[in-house]
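In the part that follows, the structures are each spelled out as structure tokens.
Next come two complexes, and both contain subunit A; in the first it sits with subunit B, in the second with subunit C.
After this line comes the complex of A and B, so read on.
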């Protein structure tokens, strides 16, 4: 009964703490919303690209005898200035390579496409040593890759025209026929029209494209990229703040020690273990309430489907064991509430960061690796499985790991507490 | 002089709390090492393992020439490792992460392609994942080449007057496919990093700590907000602030004294991380020592001033932590210390780039990754100092209005 009394007293204290309420409920929802804005374009279901600032240096010219309307360099340049890409590519012309390099160095542009003189002439002559240079800011990766893919794709289109011409010649010869020069333009036009339509469908009309992408999730609700991504992001926040709430709720033991109420409690015929168990129970309830509230809020605010009931329950229970265990362990190490603030803030933030909680929707190999050594990493694994629609039996292993971690951390913390307050 | 006295008092108080001090210094070093190690081991692992992206292949078009050609093209790829799967296993294999995606060729796929219809392949993948995105990009190229070969074959067969002759179509398709296999448009494009010539070979890609070190450095500097904010709260709690207010010391002097102390602590932390990065991890901050110093000084001043603002806004320790952590999350996330701002979009990216934390990252990246010199540090430093001044003025204003 004393255990319940202590737990209830702590719970009442928690509900009066604006700080705890803020950290337990408001902060995770606020941060999820903030990250939602960061990846807004993806979250809106449109896997669009980040804005690209691009410079073009086109020194290429159309050879006098070339059977073309424009040089390849001009075709590449036009592609980046086209109306259809203007919403995400801001292209500018630069007179020469030096000017483009200076602009990249000054971060005025993220990437520069440098088309050398005689590129068209050398290409048509079959020379492969005249190449287009894509100069990129070394801190960027997505934009330059997109630009390179666009240039390569256009060159593929040109190569396709060449292949078409060679195959036609070869097949006509094999059939003992001669190529009628008058038919060449219409042949190229038909191929070019096909290629343009094919690429347009591939890039702009996913439902008509030759390659259709679908999500692996079984339920149609899960295949919604918005919900899937929000689920990943919010699970990261849910885990981080669950550990934070656990640690701060457990810190009441330090506050009571500083305020002298703990010493008074020790003078009563109450066993040290009973006091710790009461505090443990209060933290447990707080973490469960927080988890349930955030799961419900996540479902209704962001439309997140947290998974099957069994998987969801195992994830939540695993999270609860680990967060309370770590809370007891951390609090047993710090000497006062002031120190606790700094240690919890730093330790939980860094553990969260290396476990990938703040980048749960981005695949970072290093964080996956490090997550194997942290309780937060295992909770994230459990939530990822649950969000992916895995059945409960697939979550038994991460749950057991978390339960074991929780018990071990709690045991170490309890021993240290008993020594401190002996 | 009184400002200096106050600074020295604060510093002596902070340095007496050995455990907090250890946390401020040891934690970032441990995490820098840990993260660098993780990046490094990931790279080493990649070097010895088959690093190709696993792609499941479900062929419901057995014997089809187009699907067979696509399968061979993918099997010969340096970037993709093809795993043949049964149709029923497709979803589970992706969900469990055994393959990055599954490509499904529908029944009659080749026949439709030969007839000039628009057959569709299905790729089952999670496009929110990096591997899902990569596999999608890689497949687009291969599918384009195969479908192009078939279109060329159809056009060629038409020109030879045998549009319905299957053997003519197959011969032209084989010929076009062979030509596509030999065509390599990618070799006509050279990617070059815009780094100083003297710096090549020592950039970001060669030292994983070049990314981990400044990221942790900036984030831990912002962590200093907690200590910084707590100073005013502690003084108010112990009534020393009220006593100080009864002296002739002016508000701005009190804030300046505390800011200077916190500047000292944050700067010391940054300096230790810079030295550690330089000596132990080979992160070459000292290739532009003055540049690194300028950015570090300005970063420390901004953090100290913002901590003072928080201290002047809140009532107790727990509020300091709440406000400081929220500020840390917002500035770290928006400033690109958790993920490159390049991956974000719209207003977030726009606001993010203006954040002081982003300017600090930019200053360090200019030296470490772009290989630039002192001149590249002036703008980030100036922006950080403007922020520091702004937060300092706000802190003084809020301090004057503070209810003692």
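After this line comes the complex of A and C, so read on.
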């Protein structure tokens, strides 16, 4: 009973700490909210985008000896005719530049993209004067910008592919080997596919870049990829601030020791284990309450689907174990509450970074690897699984890892606490 | 009749430092016992052991018959401790603080609520009970600090230098509080380095110095230890080391102590010795600028026992 009294007292004090409330609830929601607003237009989907009417003149042809399946001109052209953009780009072919220019002048189309003859050949040969011309209706600004972004983006990808191709070729040549000509098209395709994914992840994919430029946030349904991206972004915030909140809440034991209330507690007929347990329990409650509030807020504010009930419960519990364990361990190393804020800020930011919390929406190999050794890394793994809709049984393993990490850290910290305070 | 507080050969060492050495004293139920001693005498260390904060290195003590080493919970239940520094939660209200500390002493429900009301009445803060302690004045905080030790109606209350660093008015208030509590039957252990407080409040006084209890008794008994000795306070116009040496050698002088040009001398008969003091001063070329003959007090006793002043 006294355990609960002590824990409740700590919780009441926490609710009166503006800093703690800010760090526990306001900061993660605000940061996620900023990301949401920055890319909120994505969420609004294709609906609010003004239609772009586009003309394409593709005079390019695939040179006989080119290591490609299609000419670059054709790649660019097909991008505008693709299924994925059909709802907001209406593209049509024009035979030559003059016809396209006439259509723009007559305001039949807003933009025209002119791909010169032998573009692929010249581009591969590195000729600097080969250019793609974009003609536009001078009264329009958004449509042409979007089209230009899309073309540049694709050419960047091709240029990158070319560089990678050349580097690979030189390497092989140095070893006296040759690239199998048959594998070249597939190399370019794989590179292009990778690049497109990469761009998409970095929000610079042609379509998304276009959407960012154009539309203000509207109240329409989010697309699933966006929803899951928001989930990733927010899970990073959720995890970082869960650890921070846990550590900060645990620091109340240092405060009590400095304020003299811990000594006073020891003069009451209350077992020292009870006192420590009460304080640990308060941190546990804090982290759980914070987690639940953020999950619910994330769902309703940003439309995040955190996963199946069993999966998200395991993720949340794993997060709680790890946060409390690390909090106890960290605080047991800290001399006083003044030092605490700095130490936690530093240690948790470091751990968060190498665990990939701040880059949760992109795959970074090194962080994935290091994340195997940090509690944050495992919490992130758990949330990624849950967000991807994995069933609860797939979360048992990460949960057990987190529970074990939590218990071990807690045990070490608690022993140090007992030595120091009791 | 058993003692409310019984201290037997209590010891505490911090490494090589023996902060408390074989301290023994008792407090009868219903009395005020003062622990008087200069800074670093070992008062707080003794009290920390009695209140269960520090484990003794040796010896034992009991509160209302409960050994602090063998039955610490029972001993603590009979005891209310008022720490030297305010030990409260600044972000909780006065009432919330009292409720919490009451719970730590095992009070619950209606009994707790009623007792908190009573204590708020005693410390005179009923109308400010909802305000956060952090906004209180120093004197008000001190009152809550005391109140938190009264909730479980302890048989024994320990106060560690409760009047250090506060204004005379609040000090008066606290001394009156101590007397009132004592009249209601509480045994009070009061530590201080102000001899006036010890003299005013106490039935018995234990004088501590350098970890040892060097004297114990009622105020008048302690004064008698000085015998017929009289204390003379003098001021010199020089720091006059020569004068002090000469005075020390003068017949009838038992103790001599000097601080900041003020000299305190214990003599057996002031009428006889005083002329010699003037004579030695003028021989050494110094002049006495003031003389005061004091009735013996606790300060005199301390000087008599240790050769040092109580206040440093």
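Operating definition for what follows: the second predicted complex is superposed on the first by the 232 of 422 C-alpha atoms of A that agree within 3 Å, B and C clash if a C-alpha of one lies under 4 Å from a C-alpha of the other, contacts with A are read in each partner's own complex, and residues count from 1 in each chain.
The criterion applied here is as follows: a residue touches a chain if its C-beta (ideal position, glycine included) is under 8 Å from a C-beta of that chain, and two chains touch if they have at least 3 such contacts.
Since this is a predicted model, take the numbers as computed values, not measurements.
**Q** Which of the two partners, first being subunit B and second being subunit C, lies in contact with A:359: first, second, both, or neither?
**A** Once the two structures are laid over each other on A, A:359 reaches subunit B alone.
**Q** When the two structures are overlaid on chain A, which partner does A:17 contact: first (subunit B), second (subunit C), both, or neither?
**A** Both partners.
**Q** Look at A:303 in the shared chain and tell me whether it touches subunit B only, subunit C only, both, or neither; answer first, second, both or neither.
**A** A:303 sits against neither subunit B nor subunit C.
**Q** Please work out whether A:156 is in contact with subunit B alone, subunit C alone, both, or neither, and reply first, second, both or neither.
**A** So A:156 only meets subunit B here.
**Q** If you tally the residues of subunit A touched by each partner, is the higher count for subunit B or for subunit C?
**A** B
**Q** Taking the superposition on A as described, I'd like to know which of subunit B and subunit C A:144 touches: first, second, both or neither.
**A** In the superposition, A:144 contacts subunit B only.
**Q** A:391 contacts which: subunit B (first), subunit C (second), both, neither?
**A** Neither subunit B nor subunit C is touched by A:391.
**Q** For subunit A, which residues belong to both interfaces, subunit B and subunit C?
**A** Residues common to the subunit A contacts of subunit C and of subunit B are 17, listed in rising order.
**Q** Given the complex with subunit C, which residues does subunit A contribute to the contact?
**A** Residues 2, 5, 9, 12-13, 16-17, 259-261, 263-271 of subunit A touch subunit C in their complex.
**Q** For the complex, which residues does subunit B have touching subunit A?
**A** The touching residues are 17, 19-20, 23-24, 27, 31, 34-35, 38-39, 41-42, 90-91, 94-95, 102, 118-131, 133, 136-137, 139-141, 143-145, 147-149, 151-153, 155-157, 159-162, 168, 171-172, 175-176, 179-180, 183, 185-195, 203-204, 219-220, 223, 226-227, 230, 234, 317-322, 324-326, 328-330, 333-334, 338-340, 342-349, 352, 362, 365, 369-370, 372.
**Q** Considering the complex alone, what residue numbers of subunit A touch subunit B?
**A** 17-20, 22-23, 27, 30-31, 34-35, 37-42, 47-48, 50-51, 101, 104-105, 107, 110, 112, 123, 128, 130-144, 148-149, 151-153, 155-156, 158-160, 163-164, 166-168, 170-172, 174-175, 177, 183, 187, 190-191, 194-195, 198-199, 201-202, 208-218, 225, 228-229, 232, 248, 334-335, 337-339, 341-347, 349-350, 353-354, 358-359, 361-363, 365-367, 369-370, 388-390
**Q** Show which residues of subunit C lie in contact with subunit A when the two form their complex.
**A** Result: residues 51-53, 72-74, 76-77, 79, 81, 83, 85-92, 96, 100-101, 103-106, 148 of subunit C touch subunit A.
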